[in-house]
Amino acid sequence: MLIVMQSHATEEQIRNVCARIESLGLKAHPIPGSLRTAIGITGNKGAVDLAVLETLPGVVECIPVSKPYKLVSRDAKEEDTILRIPAPAGDLVIGGDKIALIAGPCAVESEAQIMAVAEPLAKAGVKLFRGGAFKPRTSPYSFQGHGEAGLKILAKVRERFGMAIITEAIDNESLDLVEKYADVIQIGARNMQNFSLLKRAGRARKPVMLKRGMSATLDEFLMAAEYILSEGNYQVMLCERGVRTFADHSRNTLDLSIIPAVKQRSHLPILADPSHGTGLRRNVLPLSRAAIAAGADGLMIEVHHDPGQALSDGIQSILPGEFVQLAEEVRQIAAVLRRTVN
Amino acid sequence: MLIVMQSHATEEQIRNVCARIESLGLKAHPIPGSLRTAIGITGNKGAVDLAVLETLPGVVECIPVSKPYKLVSRDAKEEDTILRIPAPAGDLVIGGDKIALIAGPCAVESEAQIMAVAEPLAKAGVKLFRGGAFKPRTSPYSFQGHGEAGLKILAKVRERFGMAIITEAIDNESLDLVEKYADVIQIGARNMQNFSLLKRAGRARKPVMLKRGMSATLDEFLMAAEYILSEGNYQVMLCERGVRTFADHSRNTLDLSIIPAVKQRSHLPILADPSHGTGLRRNVLPLSRAAIAAGADGLMIEVHHDPGQALSDGIQSILPGEFVQLAEEVRQIAAVLRRTVN
Amino acid sequence: MLIVMQSHATEEQIRNVCARIESLGLKAHPIPGSLRTAIGITGNKGAVDLAVLETLPGVVECIPVSKPYKLVSRDAKEEDTILRIPAPAGDLVIGGDKIALIAGPCAVESEAQIMAVAEPLAKAGVKLFRGGAFKPRTSPYSFQGHGEAGLKILAKVRERFGMAIITEAIDNESLDLVEKYADVIQIGARNMQNFSLLKRAGRARKPVMLKRGMSATLDEFLMAAEYILSEGNYQVMLCERGVRTFADHSRNTLDLSIIPAVKQRSHLPILADPSHGTGLRRNVLPLSRAAIAAGADGLMIEVHHDPGQALSDGIQSILPGEFVQLAEEVRQIAAVLRRTVN
Amino acid sequence: MLIVMQSHATEEQIRNVCARIESLGLKAHPIPGSLRTAIGITGNKGAVDLAVLETLPGVVECIPVSKPYKLVSRDAKEEDTILRIPAPAGDLVIGGDKIALIAGPCAVESEAQIMAVAEPLAKAGVKLFRGGAFKPRTSPYSFQGHGEAGLKILAKVRERFGMAIITEAIDNESLDLVEKYADVIQIGARNMQNFSLLKRAGRARKPVMLKRGMSATLDEFLMAAEYILSEGNYQVMLCERGVRTFADHSRNTLDLSIIPAVKQRSHLPILADPSHGTGLRRNVLPLSRAAIAAGADGLMIEVHHDPGQALSDGIQSILPGEFVQLAEEVRQIAAVLRRTVN
C-alpha cells in the first residue's frame, strides 16, 4: 500500500499517518517528493484493511500495491497448471501446448436432442461434452432445466460415446448432483462471486471451470478462483465469456486481452466461450479463431442440431457441421502457435 | 417482437418468415415500408424464444417489444406497494409518501461494537438496523462474518433498542437463519442473479430487500424481483447501490436515474445505498441528499463508531454524529417533495 | 510513480531499475517488502514518460502517483473560483454559495421559436440563456444548426430580455463567431478532447463551459480544462452531462458522484445537465433536484415551448411551465444546503 | 419506428398517436396484441425526429427500426470496398482478400528516429508507414508533435524507402497539411465525432482512416463514416482501437466482435490497432493474431527502435524485430482464412 499525501500536508500530518501505520504493527517508509510526500507500507499480511487510512487528515489517496491473490499466482507456482480430464474414449488435456474443444447444446432438452447433438460431436473428436441440466435464466418463466433427470441423460452420453461431461451447478444442492454425475463442474458467470458456491466447489473432487462474471475485473476473477484453490481444489480452469459494456452489436463484449493478462499473472489455464461471448451464431466462428490466436487454452462452443427449436440460446448455437469447420480452422491456427488440438 | 427484414429481402423470404411465425402458433403482421419490410408478431405468451428468427434468410434483426416482467409491473398493480416493517419501538413504513432510513455497520464485529453503533442510531430515530453476519468478500482471506453468532447479537439490538433488523443472506442455509432472526432479508448485489437464492427468498415469510447487481440492466433487476414475487412473496423493496463503469473516482457509479425509471414501470419501493454506491465517506452525505431528491423511498447507510478500526468498509462508513446531520438534511429535502422521514 | 517488482525479482533486476531511474535524472527509493520490493520515484517534472519502465525485466507494474493537472488543482488555488457573467438585466454569479440556472432550447430553430421560449424564461428569472447555432449531430442528415444567423437571433434575446447568452462552438471558425456574439462559450461533450479547440478557447476572452466527454475519467476531464487554463483563460466552469454505460433505461448515466470529487480536487465550479444526462423529459425534474442536492453549482436545462415540434432533442425538453416548478424546487433544495439561486 | 403502447392504453390514446403520425405525413400501422398495441410507422425519410412521440399519453416506448446510415451500408453497395494506396515501391491494397500491415512509431520525434524505424520496416515489406506529426495528448504539458516539420520528415521516408504515408489530422488546419504531404489521412478516436473535421475529410482527395471513438456504438461509428462519404469521399477505411470499459488489465478493451458486425452491415474495410487497443507491448502480438483471425482487413502497429526513449506510447511499441515475427505469424493466420498479406 502506498499513501499519497496532499501537497500542502503538514509535517505533523505526515508524522500522524506514519504513527498510525506503526500502531497497526506495520512499517512506514516516507518518500518526500518535490511536490508531495508519499508513504510506502510494508509488513501487511492482509489482516488489516488499510483503505481506511485514506480518511486521515492530509491524505489524498491510498494505492494498493500487492495483488491479493496467492495460490492462483505465478508467484506461488511458476509453471502452467495442466489439467487431465479422464474420459472413456481418451483423456482430454487442458493447458500447456494442448488446445481443448468443449461442445454441446446450451441445455439438456431431451434424450433424443442430446443424442442427436452428441453423435456428430463425438465423431468430430470432441472429448468433453457440455449441456445444462440446471439453467440460470433471467426470467422465472423461462425453461429452468431438467435437473437430475438431465444429468442422467448426460451420463448416458459418456457411456455411449465415451466423452467426459461438463455441466453447471447453481447452488450447493445441484453441485452435489453435478459432482456425482459429471466430470467437470461448471460455475457460471452469474455465480462467479457466489462465494458459498465457490467454497463448496473447492471441496469437490472434480475439476472446476469458473466463468468470468459479467463485470469482473481481472483481480476479482482471480480472487474467485482463489476461493476454490484455498479450499483445496487445485483443478481449476478459467473461462472468458464476454463482459458487459455499452456496445450493442453483440450480446456481450468478448475481452480477449484478458487471455495474455491471465497467463502473465496466473498458472491456471484459460478458455474462451465465443457463444455467450458474442451471442450471435455468425460471430462464433470468427471469434473462436480469434480466441485461439490470442492464446486461449481451449473453447467452449454451443452446438445444436436444430437451433430454431432450441429451448434456450438457439440464436447463438451453431450446427454440428459448422462445428466441424470451426474445429478444422482452429486446428490450423493452433499450429501457427505450435499447439495442437486434442 | 418485431422482425426487421433486409432492404433487398425477397418476397419469398418475407413469406417464409411469416410462415415460420404462424407455424409457432403466433400471428404475423407484415408492415411494408419504403426501404424495407418489418413484421410484427402477436400472440406470444413467452413460451417461444423468438430470437432465433434472427437467423432466417433475409432477416436483419429481431426487436423485443413486450417487457418480460409481470407481477412487478405497474400493468399488474398500478398503485405503489407500501411495506410495513414491524418493530417493538414503532413500525417502519417503506413506500408511498414515507422515507425510510436504514443504518448500521457493514459487519457485526462484536457485541460491544454493535451496541456502540446501535445506541446513538436508536436515539436518532432509526427503526431498521443493518449489520452483516454473513459477508460476501472478494478475498477468501478477508473477514467472512460471525454467522449465527452475529445474528444473535443483532437480535439483542432489537430487544434492547426496539429497532427491526435487516441482514444479508448469501445462500439457502444462511437464509434459513436470517429468516429466523431478522425482520428483513437482504439479497446482495453479487447474488442478484443467484436464482436459487431468489426462489428461496420468494418462499420466505419476511420482507426482502433486493440490491441491484453491479452490471444489471433495469429489466434484469426487475426480473430478479419477479423471481421473488413469482414464488409468492410480494413484500419486496429494491435498492440501487451503484453500478460498475469506467469511472475511477468512486468505487461504483450511483445510478440515480434508475429511481424514476423503476417508479414508472414498477409498483415496488426503491431505496439507495450511497455507502456502497460511492465507497467514500465524504461522498455519503451529498449522494444521500441526491438520492432522496431523485425520489428514493429511503436510504441504507453504513455507520460505525470507529471507522478506522472497522473490519470491513471502514472507508465508506460515517460516524453516528455525521448520520444525525445526514438525517436532518434528508428530512428537509423530503419536505420539498412533500414526503416525511419515518 | 511507484514501480512494483516481481516477488522473485533478483537483486540485479532491482539495481537495474534504480540505475535506469537515476540515468533519467530522477531519484529512486527502494522499499523492500516481505513479499516484493517497490521503488518510489521522485523528481519527475512530467517531461519523462515513465510508463516505459514497466517493460524492464522484473517489473510487474508502474503506478502513477502524482496527478497530472496543475492550474485546475486546489494545490494551485485553494479557494473556489467564482465566475461573474455580465448581463444587461443583472449579472449571473457561478460558484461559491450561488446556484446558477441556465435554460433554453436545444437548438435555435427560428426567431419566433427562440422568442417564444425566451420570454417565459426571462420572466422566471433566468439570466443565462442557451440555444445551439452549431449543432454536433450523429447523422449528417439531421439539422445542423443555423450558424451565424442563429447567433444573431440569440443576440436579439440579450437585447430584448437582458439575459446573457451561452452557445456551443464546434471548431475554430465557429468559436470566432461564438466569441463575438455570445457571453459564454460552450465546448460540448464530443469535443472535450478536441485539443485544438480547447487551446483556441483558452485564448478567448469569454468564459468557457466545458462539458464532460461521454467516457471521460475525472483526470481526463480536469486535464481538458487544464488545456484551457494553460492558454491563459481562467474563466472555466465544468458540466457533468452523463456518461456512457451499459444501462439502457436512460440515454446516459448522470454521474453525480463526480460533483463532490471535482470539488475536492479542483477550484472550478461544476454544473449538471440533466436534460442530456437522462435524455427523458420525465427524468429532468428528479435529476435536477438530485444534482443540486449533490452540490452542483448550477443546472443547464433544455426548455422548449412545443417539444413535439422541436428539430432536435424534443424528447428531453421540458415546457416553460415545468421549468418554473423545477426552479422553485431547486430553490428550496439549495436552501437546505444554505445556497441561493441567483 | 415502432411505438409501443401501455397495456392499459385507451382506444382514444391509440387513435391520437395514429392521428399524430399521419399529421406528420407518415403512415401508421396499428398491431393489436394480446397484452398491448404496437404501432408501426412507415414513410419516414429521416426529416422528422419521431422520438418525441414517446411523450404522448399512453405511449411506453419508441423503438427505432431503420438504421440511419445510407452510403456506408451494404444496402447501398453490396460488394466490399477495396482501397488502393499508391506507393513508389508498390501499391497497397486494403480490403477483399488482402491483408494490409501499417507500421511505424507513435510520433515523429526526429529524422534520425524516423529513419531508424523506417528502414527495417521497409525491408520487412511494409508499404504504409505511420507516424504522428500532430499528437492529441491528454495533457497540455506532453509532447504535442512537430507539425509540418514532422510531415516533411515523413515525406522523406516515402522518397527514400518508397512507402506510402499515413498520419493524423486533428483540425482543419492540420488536415490541409496532412492532405498535402501524406497518402492517407487519419482521424483519431478522440475526433470520431468532430463533425467539422469529418466534413473536411469528406472533401479531401486522399483516402481516410477513421478510428472508432472510445465509447462509440457501431451505429455511431458508421454514422461518423457516413459524414465523410456524404461529402463525396468514398475512400474510407475503419479501424477498431479498443473501447473504454471497467476492465483495468489493459489500457482499452479491444472489441474484435465489431469486425464481423461491420462486415455484415457495411462494405467498408475495417482494420485493428492492437497497440492502442491493449496499451501493452506484450499484448500486441497475441491481439494482432486475434484481430486477423477475427477477419480484420489489416493491422496498424506501433513500432519503435528504442521504446524506452520514445516521447510517447513507448510502453505499447514493439521493436522492429518483433514486428518481423508478428508479420510472419499474421501471414500464416491469414492463409488459414485464404487471405494474403500484401
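By written order: A, B, C and D. Residues from 1 in each chain.
We adopt the following convention: a residue touches a chain if its C-beta (ideal position, glycine included) is under 8 Å from a C-beta of that chain, and two chains touch if they have at least 3 such contacts.
Note that the coordinates shown come from a computational prediction; the quantities given were computed from them, not determined experimentally.
S.K.: Among the chain pairs C-D, A-C or A-D, which one reproduces the interface of B-C, with more than half of its contact pairs identical by residue number?
M.R.: A-D
S.K.: Weigh B-D against A-B on C-beta contact pairs and write down the one with more.
M.R.: Top pair by contacting C-beta pairs is A-B.
S.K.: Could you give the separation in Å between the centres of chain A and chain D, each centre being the mean of its C-alpha atoms?
M.R.: The computed centroid separation for chain A versus chain D comes out at 31 Å.
S.K.: As a quick test, compute the distance in whole Å between the mean CA positions of chain A and chain B.
M.R.: 26
S.K.: List the centre-to-centre spacing of chain B and chain D in whole Å, with centres computed as mean CA coordinates.
M.R.: So the centre of chain B lies 38 Å away from the centre of chain D.
S.K.: Which residues belonging to chain A are in contact with no fewer than two other chains?
M.R.: Touching at least two other chains: 215, 244-246.
S.K.: Could you please specify the touching residues of chain D with respect to chain B in the complex?
M.R.: Contact set of chain D toward chain B: 2, 4, 6-8, 29, 31-36, 38, 40, 42-43, 45, 63, 65-66, 75, 78, 244-246.
S.K.: Give the list of chain A residues in touch with chain B in this complex.
M.R.: 20, 46, 49, 51-52, 54-55, 68-70, 136-142, 144, 170-174, 190-191, 193-197, 199, 214-215, 219-220, 223, 226-227, 230-231, 244, 280-281, 307-308, 310-312, 314-315
S.K.: How about chain C: which of its residues touch chain B in the complex?
M.R.: Interface residues on the chain C side: 215, 217-218, 243, 245-250, 253-261, 264, 277-278, 282-283, 286-287, 289-295, 329, 332-333, 336-337.
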